[in-house]
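The letters A, B, C, D, E and F name the chains in turn, as written, and every chain counts its residues from 1.
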Amino acid sequence: MKFSVMVNEGPYTHQASDTAYHFIRAALDAGHEIFRVFFYHDGVNNGTRMTTPPQDDRHIVNRWSELGEAHDLDLVVCVAAAQRRGIADADEAKRNGKDGDNIAPGFRISGLGQLIEAGIQSDRLLVFGD
Amino acid sequence: MLHTVNKSPFDSQSLKTCLGLARSGSDILLIEDGVYGALVGTAHAAMLDQALKEVSIYALGPDLKARGLPEDRLIRGIKVVGFDGFVELASANDKVQSWL
Amino acid sequence: MSQTRKFMYINRHAPYGTVYALEGLEVVLIGAAFEQDVCMAFIGDGVFQLKQGQDTTDSGMKNFSPAYRALGDYEVNRLYVERESLEERGLTEADLMPLTWEDEEDDWAEKPSIQLVSRAQLSGLLEEQDVIFNF
Amino acid sequence: MLHTVNKSPFDSQSLKTCLGLARSGSDILLIEDGVYGALVGTAHAAMLDQALKEVSIYALGPDLKARGLPEDRLIRGIKVVGFDGFVELASANDKVQSWL
Amino acid sequence: MSQTRKFMYINRHAPYGTVYALEGLEVVLIGAAFEQDVCMAFIGDGVFQLKQGQDTTDSGMKNFSPAYRALGDYEVNRLYVERESLEERGLTEADLMPLTWEDEEDDWAEKPSIQLVSRAQLSGLLEEQDVIFNF
Amino acid sequence: MKFSVMVNEGPYTHQASDTAYHFIRAALDAGHEIFRVFFYHDGVNNGTRMTTPPQDDRHIVNRWSELGEAHDLDLVVCVAAAQRRGIADADEAKRNGKDGDNIAPGFRISGLGQLIEAGIQSDRLLVFGD
């Protein structure tokens, strides 16, 4: 079965990102396909490589990057939500006159159409948020 | 149809709203702080007892465990599932609605 | 991708206190280009999104309420408002923005987009959907 | 003592918790989504009518205006203040407690 | 800065669902070094922070509940739990972690840090404070 | 009178940052002193210069930087909260092995002791959050 997942809150502050991560792992373990993970609202803050959590805690951002790489996941950060919150890749940074970017490995920035497409193409769409 | 609820019923209207709109025969999964809704002997337990006559209610085991809520403190009839069970519920139902 | 799916956008947050209403509306407007079968539901504090007379001049926030009036032009013309939620909040339909759309198949007659529905009716509408978003 | 409440009473317990703990003579200021608590004729209006016998309740004007809530729709006895009035309330009271 | 002020840290959030409990506790532990007159209050879902038997092995989150046991060593030894909040949640004092502190002035006798208080008592305690933080 | 303000939520997502800003402006207008503004929890996200909100909306980050400069405000971002969420100044970036920093002008990163000190030194402390 083809799942898509929407993550609407940032790492640590709300458990949404943790729950989405564990759901996706379990879905992959059960042989399902993950069509796309879409990060919206504060969820875009899952996609910054600037994060340095305490040593004795999970590294939520790296965990997404690693899961993405291991399973070739499409981790999409919404461009409009990212602009409001200060997440940018190299293209976005250039376009907005920023002196650098901060997107984490394995994430890409794209538009809301990617979310709608996920809703159309997937058998199930799950929303994790606050 | 699978409904998920991730908020404590003591602070949010999400569980009440969910139960008000879920059709008979629905599956409801309590996750994150939503698992506090599964506790027996609370101000909201009667609402869940009533709901269990019409719907199936599940609670996510890892979230219960994190919060120190053992199975013997849950309302009778609520089933505990892991993330694998969450995936099965999401597959078995035709769609998922998250009451945030 | 020839199949049309039934999308419902559920709105349960008041405007301004949090961004969910504004960013939710942005999804609906973008989604309208995909020509799916779209409706919106307003439940709980979500009904406050449609309150008439919003004016953010003194609070410095962006007044996005005019964007709801554009929904009709995007063929988003079924906005279900839960009657019980309105009543709990001391509101009536007259408190809501008069949102309309033009029915191409009825000589462009202007018709209301907002429909008050009971909790029981809304429950049935939920079951009919293919995909549900929550804001 | 000044208490602020920034949550809608229809979704959160903050206003109820505040009213349960505020002493007679306290000032309570409704801000952000908390201003919905000032609306007349709602499911919570009786709770505020009762509270007004013991405490003073204010609502932040810019937040009422943003949400389209005119003064004639507010519970009688609730006073509307601007940010200048918020600062005055915070100065006049010995401390401020935010019920988030 | 010779004056000692009365600080109260109010906890109204359950642990794990949001970060407020964990980051609130970090403030209390840092604040302990400033030798003010400190107490904590647990109201509403905040009482769940003190629930016994928290175990995050299956959820991958950080179990920060052991840190509450360290509070006594930092002379944070007045943890007021609202009795009404406990009762609404079907909990009793026996459900809470047995937190203690050693009273230097009483031959290091081990004493309980948690005190159940009524809403009315808590209301009075609030009035006594100089500074109130909310988590 | 000496005020300190704590901001616990990020820009746009919650109104807390707006309310804190308008309160501080009104307090300054009334002749009060602002001892410190402390950004905690997701409030640290007010302090990133990567933000690019839509043209027709307020720029919350720039507004803080400008108010800070105009009134010499002490805008403090909590270091522990910032590490969890990916906000860093040059020192923090270097210490954590990051390839750049993202803190906005007028903000500084420091410890929670700054918040406690604000509670001790100020006549009033106000908390804005979710």
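We adopt the following convention: a residue touches a chain if its C-beta (ideal position, glycine included) is under 8 Å from a C-beta of that chain, and two chains touch if they have at least 3 such contacts.
Note that the structure is predicted; figures quoted are calculated from it, not measured.
Touching chain E and chain F together: A, D. Counting C-beta pairs in contact, the pair that comes out ahead of the other among C-F and B-E is B-E.
The copies chain C and chain E differ by a rotation of 180 degrees on their C-alpha atoms, rounded to the nearest 5. With centres taken as mean Cα positions, chain D sits 38 Å from chain A. Note: centroid distance chain D to chain E, computed from Cα atoms, is 28 Å. Among the residues of chain D, those touching two or more other chains are numbered 6, 10-11, 13, 32-33, 62, 82, 95-96, 98, 100. Shown for chain C are the residues in touch with two or more other chains, namely 16-19, 44, 59, 61, 131-132, 134. Each of the following residues of chain A touches two or more other chains: 12-13, 15, 22, 41, 54, 80, 84, 125, 127, 129-130.
Viewed as a network of touching protein chains, the structure does not reduce to a path, ring, star or complete graph. Here the touching chains pair up as A-B, A-C, A-E, A-F, B-C, B-D, B-E, C-D, C-F, D-E, D-F, E-F. Within the complex formed with chain F, the chain C residues making contact are 16-19, 59-62.
Contact residues on chain A toward chain B in their complex (touch as defined above): 1, 3, 8, 15-16, 19, 22-23, 25-27, 29-30, 32, 124-130. The part of chain D that touches chain B in the complex is made up of residues 10-13. Those residues of chain B whose C-beta lies close enough to touch chain C in the complex are 1, 13, 17, 20-23, 95-100.
Residues of chain F touching chain A in their complex: 10-13, 41-42, 45, 48-54, 61, 80, 83-88, 93, 96, 98-100, 102.
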